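Two complexes are shown next, each including chain A; its partner changes from chain B in the first to chain C in the second.
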Partner chain A sequence: MALRAAALGVLVLFLLRPQWFAPLFTPLTQYGAPPIYDQGNLLELALAQLGTVLLAALASTVVGVGLGLFVTRAAGRAFLPLSRTLVDIGQTFPPVAVLAIAVPLVGFGEKPTLIALFAYGLLPIFENTIVGLRSCPPQVLEAARGMGMSPAQCLWSVELPLALPLILEGIRLSLVINVGTATIGSTVAARGLGEVIIAGLLSSNNAFILQGALLTGLMAILLYDALVGLERRVCRSVRID
Partner chain B sequence: MSTTAAVRVFLRRLPVDPLGTLLCAVGALALICLPFLVFKANRIVPGDPVDLAQVLAPAPLAAAALVLAAAGLCAVFAAGARLRLLAGLAGIVVIALVAAAGADVLTPAGNRVVRVAPGAGFWIALIAMALLATDAVTRMRPRPVVRVLALAVTVLVVLAVLAHGTFDQLSLMREYAAHADRFASELRRHLWLALGSLTAAVLVGLPVGVLCHRVPRLRSAVLSVLNLIQTIPAIALFSMLMAPLALLAAAVPLAARLGVRGIGAAPAAVALFLYALLPVVGNTVAGLRRVSPAAVEAARGMGMTAGQVLMSVELPLALPVILTGVRVALVQNIGLVTIAALIGGGGLGSFVFQGIGQTAIDLVLLGAIPIVALAFAAALLLDALIETLRRGAAP
Partner chain C sequence: MIQVEHLVRRYGERTVVADVSMDMARGSMTAIVGTSGSGKSTLLRMINRLVEPSAGRILIDGRDTAAEPPHLLRRRIGYVIQGHGLFPHRTVAQNIATVPRLLGWAPERIETRVRELLTVFQLDPAQYGAAYPHQLSGGQQQRVGVARALAAEPAVLLMDEPFGALDPIIRAKAQEDLLAIQRRFGTTVVLVTHDIDEAFRLGSRVAVMSEGRLLQYDTPAMLLTHPADPFVARMTGVSDRALKLLSLTRVGELRLFPVEAATAGAAEPRIDASLSLREALAELLWQGTGHGIVCDATGRPLGRISVADIAAHGRGP
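And then the complex of A and B:
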């Protein structure tokens, strides 16, 4: 807990007052290069990256959960075998390849990154939704039906709550992967902390590279922690004894 | 009310496959509404759609349309998986051949500047047919041996067709011809980086995993450090390793002579090794933990030493889970090597990033398609191996 608060503190302080950390990064620079990224506002970049990641995650959650619901209903059962295979195949797609293929289609900037993050984040959510919905014990479903629940009621008040922990886990996985992947978006001119890393790479300034990595890593870890906490809370409220 | 009921009854009697119908509709719409081929004055400009009817002779075009229509009918109505697989494969072949024929006609002899590229219609129809075939294969549930054989046959056929030159006038193959001298070496570099770092990760990760299994306090520490490494963005880890390796090369002449340099493949190899450690160590621990205590107890009772128990009971029983970790690490590595190109490490990623820089989609695809194919083949091979082992263990 203390560690987490410290991590959050370091992240917020670094984003608000980056110059305070300059003495720490000066030993990494050569020939008097700036120790702290000076070609943009770190807070703005971090928020831009977080915004891209959250927007992509929202889209992949809506689509992933929707598709997962569809293929586990009677109407969509014919799509189930193929969709599972596609999830397997999709996970072998490197995100860079998705990003690279999206660029010529939609141009440089935020859009290809959003597409790549959406496509890449879709898989864990879709997969976990299917696994979660299908792991609902048949006896429970039978009992719900016996109580006179309609299929919609059954879905809303039995299946979805039972599948919720796994769905949330899928969302967490895709968010954390995407925070890291979003830095690659800077190679196609999306705004984010990847800019800092690439600027460091181009001017061989290790201080830039390290602070870009540090901030991205901190964001990923804190997001992971926050979502684990959220999952615990949700799971406690829906547990069935 | 009664009419909808009647329609419903009619549809239920008619064996319509919903997935096949969707694929058929999407493929047909794409072929009709979107450009199948695009003619570009050079490799960078956006091109103009080509009207196939003015390019190809009516007879072959009609034959192709007929085959595609038959494939579509199979997708909608056929119940047998084999027939559907055949339809999907036939569709893929016909779409590819039409594109090749169109490119042959459209490219002026000896002209190396114009490009005939597949358009959106081509790609969507091709993907629809590939999905049809994939769905059929999924429903047939082939045994691991059959899957590996099918992969081998596919690879051989694709290589033979490419070598024969059927597609030489299509933009992607023109791009390959322009970079043929570098392609083989970048491919080798890509594989070498992915497999080399994985081998190192297995050699180190396996003993570390066993140690973590034995010493619980070590386990959480090691696994959280490895988890932490995974959160470092790949670009950052690759670039951060450049400085220490440059210093190492400067300080230790032997390291420099072995090829360790700040720029190039060395930082990439180290970063990939670090990324691959988590799946290997994590799955070794998970696999060993799943070995039933009764089996270990029985082995000890037979008078085996701790080392013998590990080598001939615990590790073999944990092998499928460990290999699952190796699969994750390998697929992840094949994708991540792409980023090595940014720090001068080479590999197929150099085509991808050059292509992005020049906005030349053909060059991007020349890098991206082989990367995806490699990752897919690696996953298929290891999955087959894991399934064979699991079947052998639980008859």
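And then the complex of A and C:
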């Protein structure tokens, strides 16, 4: 808890008052290069990256959960192998390669990054949705049906609530993976902390590389923590024995 | 109340229920008994259309069950399954309120009903209403399962091996409770079991099924004394059929030899009128006396009963 608060403090402070950390990074620079990224506002970059990741996760969630629901219904069962293959490709295909393909199609900027992150983050959400829906005890479903719930009522008030912990876990995995992955978006001119890392690589400034990585890492850890907390709150009552 | 007419269910080449016809009277408790794979569960599940019949029809109160959408039909029919199937993410009160909520009852009416049912099932509403199913014992979960099925006051209650997961002591209690509840609400109960003793204890009429066919549908006494088929005789048990017959009658139902209160010897064992003849016989054998005094619940002597009187009721036809 104290560690989490400290991490949050470091992150917020670094984003708001980066110059305070200059003395720490000065030893990493050579020939009087600036110790703190000076070609943009760190807070703005961090928020832009977070925004991209959240938008991609929203799309992955809508498609992943929707597809997961569809292939677990009687009507969609035949599409499970096909859906799985497509989603697997999204995960297997390196995001960098997706960027390379997407840029000629949609141009530079945020769009190709969104596509790459969307494809990369689909798998955990899709698979967890399927496992969550399938782990619903058969007697519970039988009881729901036997008491006169329509298929839609059964889905909304029994299956989804019981699958929710696993679905949330999938969304969390997807988000956390993509906070890190999003840094490569900066290679195609998406705004984000990747910019800081790339600037460091181009000018051989280790201080830039380290602060870009550090901020991204802190964001991922804090997001993970926050989502675990949220899952606990939402799912306190969902227990399957 | 429930009329089953020439009901058939086939899965591909396999016939699971073959031309079954039977009537269940209003307020009766019918036990369907058979080995596993006899089609008894399928027959039950066709009544609330969890399984659709391949042929034949079912009438409830004269109305064909095929005439309305299955989920609306099921809201009028209570359903209890083995292992209760309670919703793990909902409290006990919310579980019981399931069907009333589906039917759109007013919240106050639902709350009153939930409270009433919890009390009937000996669960303190204050203590258990807000509990989650995993916090209850197996016997309590089972009671909540039955309470949930009865919540919307259905005229028909279907039970599929409802006590199968309970240990013997809790099961005996649950069976007694079910009989009391059924008398209280006047519900028509159809119960599936593989346990012939349970069928005899609960069923006013018992249907014996084997390989999809209904072999015999009769009172327990008739099944014992006039089995229609060698399988029925095997199912009901040949070696202890006299004792089974005795367990169907209660001491209080017999015409007793009257006894003056003054002459009722203190040495004679007292027999509770609510015991079955089988239990009374066991008691007399245990006490080593040939006879005992039958008393009602208040201890008032009703008459004298002897081993010979009891034995006469165990005689085959």
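We take it that the second predicted complex is superposed on the first by the 233 of 241 C-alpha atoms of A that agree within 3 Å, B and C clash if a C-alpha of one lies under 4 Å from a C-alpha of the other, contacts with A are read in each partner's own complex, and residues count from 1 in each chain.
Just so it is clear, a residue touches a chain if its C-beta (ideal position, glycine included) is under 8 Å from a C-beta of that chain, and two chains touch if they have at least 3 such contacts.
All figures in this text were calculated on a predicted structure; none of them were measured in a lab.
> If you tally the residues of chain A touched by each partner, is the higher count for chain B or for chain C?
Partner with more touched residues of chain A: B.
> With both complexes overlaid on chain A, does A:100 touch chain B (first), chain C (second), both or neither?
A:100 contacts chain B only, not chain C.
> Figure out whether A:41 sits in contact with chain B (first) or chain C (second), or with both, or with neither.
Neither chain B nor chain C is touched by A:41.
> Which partner does A:135 reach: the first (chain B), the second (chain C), both, or neither?
Neither partner.
> Of the partners chain B and chain C, which touch A:153 in the superposed model: first, second, both, neither?
In the superposition, A:153 contacts chain C only.
> Touching A:201 in the superposition: chain B (first), chain C (second), both, neither?
After superposition on chain A, A:201 lies in contact with chain B alone.
> Considering only touches as defined above, state whether A:162 meets chain B (first), chain C (second), both or neither.
second
> Contacts for A:176 in the overlay, against chain B (first) and chain C (second): which applies, first, second, both or neither?
first
> For A:212 in the superposed arrangement: first (chain B), second (chain C), both or neither?
The answer is first: A:212 touches chain B but not chain C.
> Spell out the part of chain A that touches chain B in their complex, as residue ranges.
28, 75-76, 78-79, 81-82, 84-86, 88-89, 91-97, 100-101, 103-104, 176, 179-181, 183-184, 186-188, 194, 197-198, 200-201, 204, 206, 209-210, 212-213, 216-217, 220-221, 224
> Considering the complex alone, what residue numbers of chain C touch chain A?
48, 50, 71-76, 79, 81-91, 98-99, 102, 132-134, 145, 148-149, 158
> Which bits of chain A are touching chain C when the two form their complex?
137, 139-140, 142-150, 153, 158, 161-162, 237-241
> Under the stated contact criterion, what part of chain B meets chain A in this complex?
Contacts found on chain B: 17-19, 131, 134-135, 137-139, 228, 230-237, 239-240, 242-243, 331, 334-336, 338-339, 342-343, 349, 352-353, 355-356, 359, 361, 364-365, 367-368, 371-372, 375-376, 378-379.
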